[in-house]
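In this document, chain identifiers A, B and C correspond to the written order of the chains, with residue numbering beginning at 1 in each.
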Amino acid sequence: MIGILASVVDGVLVGAVYGLAAMGLTLIWGVMNVINLSHGAIIVLGMFVVYFLTGATGVSAYLGIPLVLVVGFLAGIIIYWVSVNRVIGRPILMSLLATFALNMIIIGLGTAAWTTSPYNVPVSLPGITVGNYTFTGTHIMAAVIASVVAGILYLFLHFTRPGKAIRAVASNRDAAELNGIPTRQVLAMAFGLGVALACVSGALIATLFPFTVLSGGAYQLKSFVVTVLGGLGNPAGALLGGIALGMVEGLATPFTPVSWTPIIEFGLFVLVLIAFPRGIFAFTKA
Amino acid sequence: MTALLQAVDLSRRFGGVQAVSELTFDVNQGEILGLIGPNGAGKSTVFNLLNGVIAPDTGQIIFDGADITGLPPYTVARHGIARAHQIMQPLLGLSVLENCMVGACFGRENMNLADAREAAREVAQSVGLGDRVGALAGSLTTAGKKRLEMARALSAHPKLLLLDEVLAGLNPTEIEHMIETIRGIRKSGITILMIEHVMRAIMSLSDRIVVINLGKRLAEGTPREIAENPEVIKAYLGDSKLLTTAEEGVP
Amino acid sequence: MSSSVSQEVAKAGTFKPHHSIAEEIYRHLREPFLWLIVVFTAIVAFAPVVMDDVSMRESLLLAAVYVTLASNLNLMIGYAGYVNFGNIVFFGLGGYIGVYLATSWHVNLVLSVLAGGVGVSALAYLFGRGILGLRGAFFALATIGVNEAIHAFVTNFEPWGGATGIYLSMDAYEPLGGPMSGLWFCYYLIVLVMGLSLLLSYAIKTSKFGLGILAIGQNEDAAAVLGVPTPRYKAIIYAVSGFLPAVAGGLYFFKSGIIEPNGAFDLTTSIEAIVMIMLGGAGTVTGPVIGAFLYEELRGFLLVSETFSHLQLVLAGVLLLIIVLFVPGGLLGWLRARLPWLRKWLQ
C-alpha cells in the first residue's frame, strides 16, 4: 500500500513538470489560437541547452535554468516572426502545418548535429526517505522549480503591464488593438513566453531521465493530454492537469507494464476530449 | 386561414437570461408575418428555435401538422423550412450556383444533382443573380450576398421562408428591389416569416405583425393596429417613426 | 423588373424534377477528366513491365501508396475541412488486419486486404460519430490521440507480434506463384487502389453527397441549416477516407514482408501526406497526385544524395513552411488562379 502511495506521490512530482510543459502549449493556444506542434522539438532544445551548459561550464543544471528561460524566450520571438505571424487568423490547418514544419526543421537539424543516441545530464541530490521508500531528490527539486516558475508566470500575467497586455489580447484582440496595445508584439512576447516555459520543462526533464533528439514527441503528446485535461488556453488548469496525469501514471505503474502507460494516457485523452471538450479543470477561463 | 406553423409556449433560457418566454404565435398559410421588437428582444433566438439551431427548454413547434420540436436543423430543413440569415453565411469557396444547389439538394424536395442545378439556376435568375451563377460566392458584394442568402433558401422550394433582416445594410434602391423580390416569393405560394428593422418595409409587406419584447409577446395584429398600440409605442420608447412610416406604408 | 421577378419566382416554385440517375452517370462518362484518371492509372501500372525496370516499379509503388494516402486524406482535409493528423492509423491498422489474415489464417490476399478495409471503415464510422463532434484543432488533436492509442495497443498486442510485429516467410507468397510474381501482383493491385482512390475522389466531388461535404467544409453550421445531415455525412466521409488506405496498407506490408508498430503507425508519414496535399493543392482531385509524385521525387533525390540524407527532414520542413506561408493553394491552386482554362482539365 505504501508502495502505491509513494508511486503516486512520485507521479505528482513528475506531473508538475508535465504541467509546466503544457503551460507553454496552452498559453500560446489561449492567446493566439495556435496549437504549437513544434512544442516537443522545443522541449528537446531545452534539454540540449542545459546539457551543453553543464558540460561546458560545470555549473549545476539548476543554476542554468534562468539562462534556459532567456534562450527559450528569444528563440520563441524569432520563431513567431518567421513562421507564426503570417498564419495568425488563418484556418487552423495553416498554423498546425507552419508549426509542424518548424518541428521538422528543428528535429532534422538536431539529428544531423547530435544523432539520435541518448544523452543525460548528471545531477545528484540526496533523496528524502519516508519509511522504507526514498523519494528521488531530482524529482522533488524539479517539482519545486516547476511550481516556482508557474507561480512567477501567474504573477507576471496578473500584476505586470506586459502580462496584463497578454491577457487583454487573449480575451479580445480587436478591443486590445483599439486600446492602443500593439497586438503583434504582444503575440510575439506570448509566444516567446510559451517557448521559454517549454524549454525550462525540457531542462528539468533532462535532469530526471535520459533523452534523445526524438524524445520531444512523447512529451509533446503528454502536453496535449495535460492541456486537454486542464482545458485549452488555461495555464492554471495545465498545472492541475499535469499533476493529474502524473498521478495516473504513478497509479498505473505498480499495476501495469510500462508499455501500457501510453494506451491509458491516450485512451484517457480521447475520452476526455469527447466528453469534456473544454477540459475537466476549465473553470477559470470565462 | 389555416396555420402552417404553430409555436406554442416556447421558452429558452441562456444562463441567467430568459431569452424567450412562453411565446405563442401562428403563421398562417400564404401570409407574410412580421416579427418585430427592440434590439435584444429575442427575435433571432425565435428563429433559431424554429429551425432547430437551438432546442427550446419547453414548448412545442408544430409545422404542417408535424411536431418538429427539438429536431436538428437539417431535419427541419427537410420538412420545408428555409432560412436567410441576418449575418450572411455564404459558402465562400463555392460558386453562386453551387451555393443554391446545396439548398435545392438538401431542402424539402431532396432533389438529385441535375434537378438541383436547374432549380438553382432558375432561382438565381429570379433574385437577379442570373449573370453571376459561375462566380465564387466570396466575390459578391454585400447586396449580392444578401440575394444569395435568399436564393439559397428559395432553392429548397420551402413551404416557409424565414427572413432575418434581409434588408439591413442595403441602400434604398436595393431595398426597393428586395421588397419586390419578397412580394414575388409570396405570390409564388411560399409563406414568409420575417424579422426586420426597416419599419417602412415591414409595415407595407406584412399581413400581420407579432411584436415581442424581452422574449415575451407584446402585441399581435395588422400593421395599422400595431402602429396604434400604446404598449408597442412605449416599448419602442415613443419612436414616432414607427407611426409615421406605418401611416405612409399601409396602402 | 418587378413583374418579371414575380413570374420567375413563381415559376421556380412550381418546378418539377425530371432528371434520372442514369442520365447523370452518362453525363459523367463524357467527362474528359474521368478518362484522364483511367489513362494515367494504366500508364503507371504498365510502365515498369514495358520498360522492364524493377527499380522503377519500386519507386512507382511508393508513389502509388503516397497518392492513395494523400488523395483519401484530401477527402477529409480538402473537401470536409477536417484536419485528420492521425490518418496513418487507417494504413497501419488495415495493414495489420490484412497481413494477419493472409499469414495466420491463410485467407486469400485480396479477401484479406478487403477485410482490412471494411474493418477499418466500420471502426472509423463508429468512432467518427464520437470524435467528429469536435471542431477544428480539437478534432486534429483527437486524431493524433487515436493513432497513438492504437499504436501503443498494437505494440502490446501479442497475437500481432507485439513490438516486433509480423514477419512473413517465403511460403506466404506461394499462393501467388512465388515471391517474384507475388511482388508484381501486389504492385498491380496497389496501382489499382491508387486509380480507385482518384475515381472515388472525383465521384465524390461531382456527387450530391460531395456537394454536402464541400458545404460542410465551407461552413458547417450554414450547411446544417440548408439541410445537410452533418453528423451522418461527416462520419461517412471519415469512414470512406479510411477504406482504400487500409486496403493499400494490407498490400504494402504484405509486399514488404514485415509489419511492425513503429513503421505502421508513424505519425511523420501522416504529416507527409498532408505536405503532399498542400504541395499539390487541397480540395482538388489532381492536386494530391501532383503533390505525391513531386514529394516522392524530392525524397528520392534527397535520400540518394549523401549530403542531404541527414537533412531530408529539414528540407521537407522548409518546403512545407514556404507553401503554408506563401502558396497556401498549392501548385494547382496557384496555376488555376492564373490559367482559368485549366479548371476543366485539372479538377
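Here is the rule we go by: contacts are C-beta pairs under 8 Å (C-beta built on N, C-alpha and C of every residue); 3 or more make two chains touch, one makes a residue touch a chain.
Bear in mind that the values here come from a model prediction, so they are computed numbers and not experimental data.
Enquirer: Hey, how would you classify the chain contact layout here, line, ring, star, complete or other?
Expert: line
Enquirer: If you average the Cα atoms of each chain, whose average lands nearest the overall Cα average?
Expert: Going by the distance between chain centres and the overall C-alpha centre, it is C.
Enquirer: Could you tell me which chain lies farthest from chain A when each chain's centre is the average position of its Cα atoms?
Expert: When every chain centre is compared against chain A, the largest gap points to B.
Enquirer: I'd like to verify one number: the distance from the centre of chain A to the centre of chain C, where each centre is the average of its C-alpha atoms, in whole angstrom.
Expert: 34
Enquirer: Could you tell me the distance, in whole angstrom, between the mean C-alpha positions of chain B and chain C?
Expert: 41
Enquirer: Rounded to a whole Å, what is the gap between the Cα centroids of chain A and chain B?
Expert: That gives a centre separation of 49 Å.
Enquirer: Sort out for me which residues of chain B touch chain C in the complex.
Expert: Interface residues on chain B, with respect to chain C: 51, 53, 72-75, 77-78, 82-83, 85, 89-94, 98, 101-103, 105-107, 109, 111-116, 118-119, 122-123, 125-128, 152, 154, 156-157, 177, 180-181, 183-185, 187-190.
Enquirer: Could you please specify the touching residues of chain C with respect to chain B in the complex?
Expert: Those in contact with chain B are residues 1-2, 5-15, 17-19, 21, 23-24, 27, 206-208, 211-212, 214-215, 217-219, 221-230, 283.
Enquirer: In the complex of these two chains, what residues of chain C are touching chain A?
Expert: Per the touch definition, chain C meets chain A at residues 77, 81, 83, 85, 130-131, 133-134, 136-138, 140-142, 144-146, 148-149, 151-153, 155-156, 163, 267, 271, 274-275, 278, 310-321, 324-325, 328.
Enquirer: Taking the touch rule as given, give the residues of chain A at its contact with chain C in the complex, in rising order.
Expert: Answer in residue numbers: 29, 33, 35, 83, 86-87, 90-94, 96-98, 100-105, 107-109, 111-112, 217, 221, 224-225, 228, 232, 257, 259-260, 262-263, 266-267, 269-270, 273-274, 277.
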